[in-house]
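Every chain is named by a letter (A, B and C) in the order it is written, and numbering of its residues begins at 1.
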Amino acid sequence: MDALISPLVLYSACALGAVGVVLALPRRGASWRVPGTLLAAIAGGVVVLALGLVANESGQLPNIYFYVFAALALGAALRVITHHRPVYSALYFILTIIASAGLYVLLAAEFMAFALVIIYAGAILITYLFVIMLATQSPVEGDDEFQADYDAKAREPALATLAGFVLLAVLTTMVFGGLGSLRAPSGAQHARIERLALATMPQKIERVLRDTPRRDDSGEPMRDADGRAVMMVGPDERVVRLPAIEGRSMVNIAEGSVLVEMPDGGTRMTNPRDWPEELGVSNVEMVGRNLLADHPGTIEIAGVILLMAMLGATVLSRRQVEIDEEAKAHEARRLHGLDEEGVAS
Amino acid sequence: MLNGTTSILGTTLAGVAQHAPESSHGLVEAAGHGAQAVSVGAAWIGWIVLLPVIGCVMAGLAAALKINSKLPAWITVGCLGGAFAVTLTMFLGFDSIAGGDAFVVHIYDWINVSWIGAGGEPQALVANIGFYVDKLTILWMLFVTGLGTLIALYASEYMAHDVGAGYCRFFAAFNLFVVSMSCLVMADNLILLYLGWEGVGLCSYLLIGYFYKKPSAVAAAKKAFIVNRIGDLGLSLGIYLTFVHFGTVQYSELFASDALQGYLAAAGSGDFAAIPATAQWIALLMMVGAFGKSAQLPLYVWLPDAMEGPTPVSALIHAATMVTAGVFLIARVYPLFLASEYALPTVAWVGTLTALLAATIGMAQFDIKRIMAYSTVSQLGYMFAGLGMLTTTGAAFHVLTHAFFKALLFLCCGAVMHGFAGQLDLRKLSGVAWMKGWGIVGVAMLVGCMNLSGLPYITSGFYSKDMILAEAFVTPGYAAIGWILVFTAGLTAYYTFRVFFRVFVGPRYFEPGDEHHADEHSDLGEHGHTEGDGHAALAHGHDAHDHAHGGFHPHPPGWVINLVLAVLALCSIGAIGLAYIETDHHGWVGSMIGESSAAYHSPYAEAAHHAHVEGVEAHAVSGPAGSGTPSGLFGMDAHTAMIYISGGVAILGVLLAAFFHGPVGIQGLLLGGRREAATCRMDRVARLFGPIPRWAENKWYVDEFYHAVLVTPLRVIAHLCHLFDKFVIDGIVDGAGKLPRALASLVRPSQSGQLQGYAAGMVGGIAVLLFVAAIIVLIGGGS
Amino acid sequence: MTGVGPVILAQADYPEAMGTITLAHYLFVSGAMFALGLIGFLTRRNMIIMFLCTELMFQAAGLALIAFSRYHLDHTGQTFVIFVLTVAAAEAAMALALVILLFRKRESLSTEDWTEMSG
């Protein structure tokens, strides 16, 4: 198992990052926030740089936006844990979420990217902000003396950072060391998976093929007698489906062609040359398929968890309202327009 | 085969007795009836024990049901009466059950263990719930159940002020006592006897401490229990030694065992060296148990204090029955005592000295119940002396008569105590017999006192005491005992009639005690007196006008108490007749004892008895038989001499009491000079003796002596043990507890309650796990 | 520089399989984010910030899941991020309700005010 980057670089970068984080954590008195943040950023940069050098050799350098989003995400994350005002922490967390969403997009998970922004930034963090505003008095701007002690001072920063970075060092060692043994699927395998997924979507295929013109040998679109473009699947034709397997109807997409049933009852194969390049499965479709076809029970469980969390939160945060009898009576009299002595006013 | 063996042994012993007359008490004649026990299926005898058990349970139930009436008393009287009836049936049908032999009734298996001993021979410990019935058993059971019934009847009225939970508790313990006593007497083995022995001790403790809110009663109960423990230790060791030596604790097997018969033969010939020391120790150890239970020197101190209990308890347990358990024990295992060289002489001397000591203390006491207690100790001393001098018949006869007259005396004292709100001081009571409603009590008291004093011919106490005294003079080496006992008899007559002359006759006067019963029992309607009666009695008293009693009126006993007193008085007098029937066997008691395990008689006594019965020619016979030893006194046979000697001494004691304590006039036999309750001639005489009367009143400081010599050192040792326990043992135990605590305090800070502390623990754990995994993977990957 | 190019969205098709070293980049970011979240959880005393830090750790886990999903071209990773989001949302709801409850009792958000479990 070969280390991806030199352990010396990795561990000294971890140590450097740890020192930076310790310095950046909130404390009373002299603030080391800026140099600490810089130090941590340098440490992160060193590791990324080292990784980038390795990647450059094998031509696996990630997209430039990765660096932008990674820097944003980690920097914002650092501010989340170092900022002494909870509201700012929460706002920085939103920034982390958005940067992460960018990374998701880079990872071809655009549905999850949007979901993340909507759910996290849009829902969860708003809840956090509400609670923060509920539970903390608004501080006077720039006056740290009024800061609550539990916000102003970190607790055992050195030890905790040590633990965190030891964990990070061990984790990255393991991960970098173990990457060599990973077996990613080849392009061909992937194409086959892709086609199999597409084969289970006969309606999508039919819909696309009805909009795709047939071409003749010269590559020109074929036209009928009325001069209209002839589609791969005509208005009266339909794609022949295989017998349903496990309740799913499928289409045989052999070598980029499907069997089409003509109005007269005869069949023909479409020309593979005419196959539209853009006909494939989208991320949303794949995720949805995976979610609903492969994990239906898990969805139910997740639903129950959410319901229970809702009920639990309602019960827990309900305020016990106690109105004593005298106050009730007083209120009743007031409502009936009587004064304290019971005489109608 | 058993019968054959014993009959041979019997003749052997008889022969031996002829040939070795000079042995001190080895001159025995084995009747050997105890060895012939046959097993019969007369399980109905079990009702004697079962009926009081039922009574006990029902009294307990009554307490649980909060019954607030005299129901428990009537249940008790019914159950005990039933038990008495069964006993009577057993007595009358004795000859038909097993042909007049002792018999064993097996109820059910209790302890039945067998194993292979160290030597390879099979051994067994068998102690079943079963009854060994011979005439000794019957004699004891007759007066235990009979007196139990009568005294329960008496108590039904006496305890009436306590109706409710206390009443139920009293009668439950009362029944339990009779159960235990029946177990003790009827047991067919020593372990069941021990069970009963402890049971009566327990009941004694419970009943002495009946007034458990009174510190003196609690102290007395504890004292009785603890002193009895000392004796019980001796008994339990004796039983253990019996099992070790003879391999059985069952009477039938024990008495029939070849070993014991061999020892008896050896003892008969005076050859005590032939008897193993173990066997001789058995009797000495059991003797200690008997001394404890029967309040003999040096363990007598608990009995006077036991008078803190209710008077019916004193009468039944501490006068008539339980305290005679020691006598019964010795009589029951008499063969074992005969086989011990020193046991019986020790018993005789201890009994004699106890009789004297208790009588001297009794003379100086002012509490009438305490005087009766000391007289009980003293009379028990007579019984032990009788046992020690081989006249089991005399001892048993005295037990019987004493049971009646002492119960009678106690019940009379109880009636006085009951009527005068707990007043027992003879200086504060006078002329009780002349007060209205107290006639029967007075007469009954007179009968009891005469019996205790042993006035000749007219009292049963005279005949039983006479039998023991005569024995002392006819048995060689015991003349000193005889004279001491005669002197004691005089003291007995004196202190007994001192009570009578002070309390029951003379000018009417009383000061009530401090136990006021608020309701005066007027609601019970059994006392047959009204307030007017009380006033009338007071109005005629000489000193009545001088004393305002805060509205107190003595209430004379009701018909129940009077009935019981009358029956007991008649029994006491009627017991005279027992001396005149079956004279061939020394009276009825002799005929009973003669057919039991206690059936051994000195040939001297035999001879003297025959002389007494048959006249001069018998006297001639007894001479050679005695072979030079004195068989009589002043040329008369012992019994005849005793009529004059002990009778004279008793009358002298009565006259002295009359002179010193009697009131003026005929009431004081024309000798007395007392005109008021508190002072008498004796006060002046007592001054002549200096501090001695005060010493006697303080019981010769025996309690203080015990306290200094036994209790204080034990207390010091106990304190030392306590300190050892507190600092050493507790230190070790606490240390064992503190060590984990100290170790835990090392890791306790990790449980700070801080949320992040736990999280940090998790992180650390994960980091370590990952680290280990990384090392393993790296090394594994490298290889 | 091949890395500098238009962002390829997977609307029509997956691009070429991702390289191992590219994956390492994402995993490092994920790990660093997790470490930061962890440090925040351990050092901050404010309960709200602590829960925010747990969200940060969730986020790191989600990033790793998505990266592996991309690498293996398997959508199950993305599916699981949905469940992570679900659990995070539920946890946030419960945790914040608890925080409010605790805040009402002690008027403080500090964890050091709640040490009843100390040994």
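Everything that follows uses one rule, which is that a residue touches a chain if its C-beta (ideal position, glycine included) is under 8 Å from a C-beta of that chain, and two chains touch if they have at least 3 such contacts.
Remember, it's a predicted structure, so these values are computed and weren't measured experimentally.
Visitor: Averaging the CA atoms per chain, pick out the one whose centre lands closest to the mean of every protein CA shown.
Guide: That would be B.
Visitor: Please work out which of A-C and B-C is bridged by more C-beta pairs in contact, and write that pair.
Guide: A-C
Visitor: Based on mean C-alpha positions, I'd like to know which chain lies farthest from chain B.
Guide: Of all the other chains, the one whose centre lies farthest from chain B is A.
Visitor: What's the distance between the Cα centroids of chain A and chain B, rounded to whole Å?
Guide: Here chain A and chain B have centroids separated by 99 Å.
Visitor: If you average the Cα atoms of chain A and of chain C to get two centres, how far apart are those centres in Å?
Guide: For chain A versus chain C, the centre distance works out to 10 Å.
Visitor: Based only on mean CA positions, could you tell me how far chain B sits from chain C in angstrom?
Guide: Distance between chain centres: 92 Å.
Visitor: Among the residues of chain A, which ones contact at least 2 other chains?
Guide: Expected reply: 155-156, 159-160, 163-164, 167, 171.
Visitor: At least two partner chains per residue is the criterion; list those residues in chain C.
Guide: 38, 42-43, 111-112
Visitor: Counting only residues that touch at least 2 other chains, which ones in chain B make the list?
Guide: Residues 756, 760, 763 of chain B each touch two or more of the other chains.
Visitor: Which part of chain C faces chain A closely enough to touch in the complex?
Guide: Per the touch definition, chain C meets chain A at residues 1-5, 7-29, 31-40, 42-46, 48-49, 51-53, 55-56, 59, 62-63, 66-67, 69-73, 75-76, 78-79, 81-83, 85-94, 96-101, 103-104, 108-112.
Visitor: Touching chain C in the complex: which residues of chain A?
Guide: The contact residues of chain A facing chain C are 4, 17, 21, 25, 44, 47-48, 51-52, 54-55, 58-66, 70, 73-74, 77-78, 80-81, 86, 89-90, 93, 96-97, 100, 103-112, 115-116, 119-120, 123-124, 127-128, 131-132, 134-136, 148-151, 153-157, 159-161, 163-165, 167-168, 171-172, 175-176, 179-180, 182, 184-187, 190, 193-194, 277-278, 280, 282-283, 286-287, 289-291, 294-295, 298, 302, 305-306, 308-310, 312-314, 316-317, 319.
Visitor: What part of chain B is in contact with chain A in the complex they form?
Guide: Against chain A, chain B makes touches at 756, 760, 763-764, 766-767, 770-771, 773-774, 777-778, 781-782.
Visitor: Mind pulling up the chain C residues that touch chain B in the complex?
Guide: Residues 38, 41-43, 50, 111-112, 114-119 of chain C touch chain B in their complex.
Visitor: Quick check on the complex: what are the chain A residues that touch chain B?
Guide: My answer: residues 1, 155-156, 159-160, 163-164, 166-167, 170-171, 173-174, 177-178.
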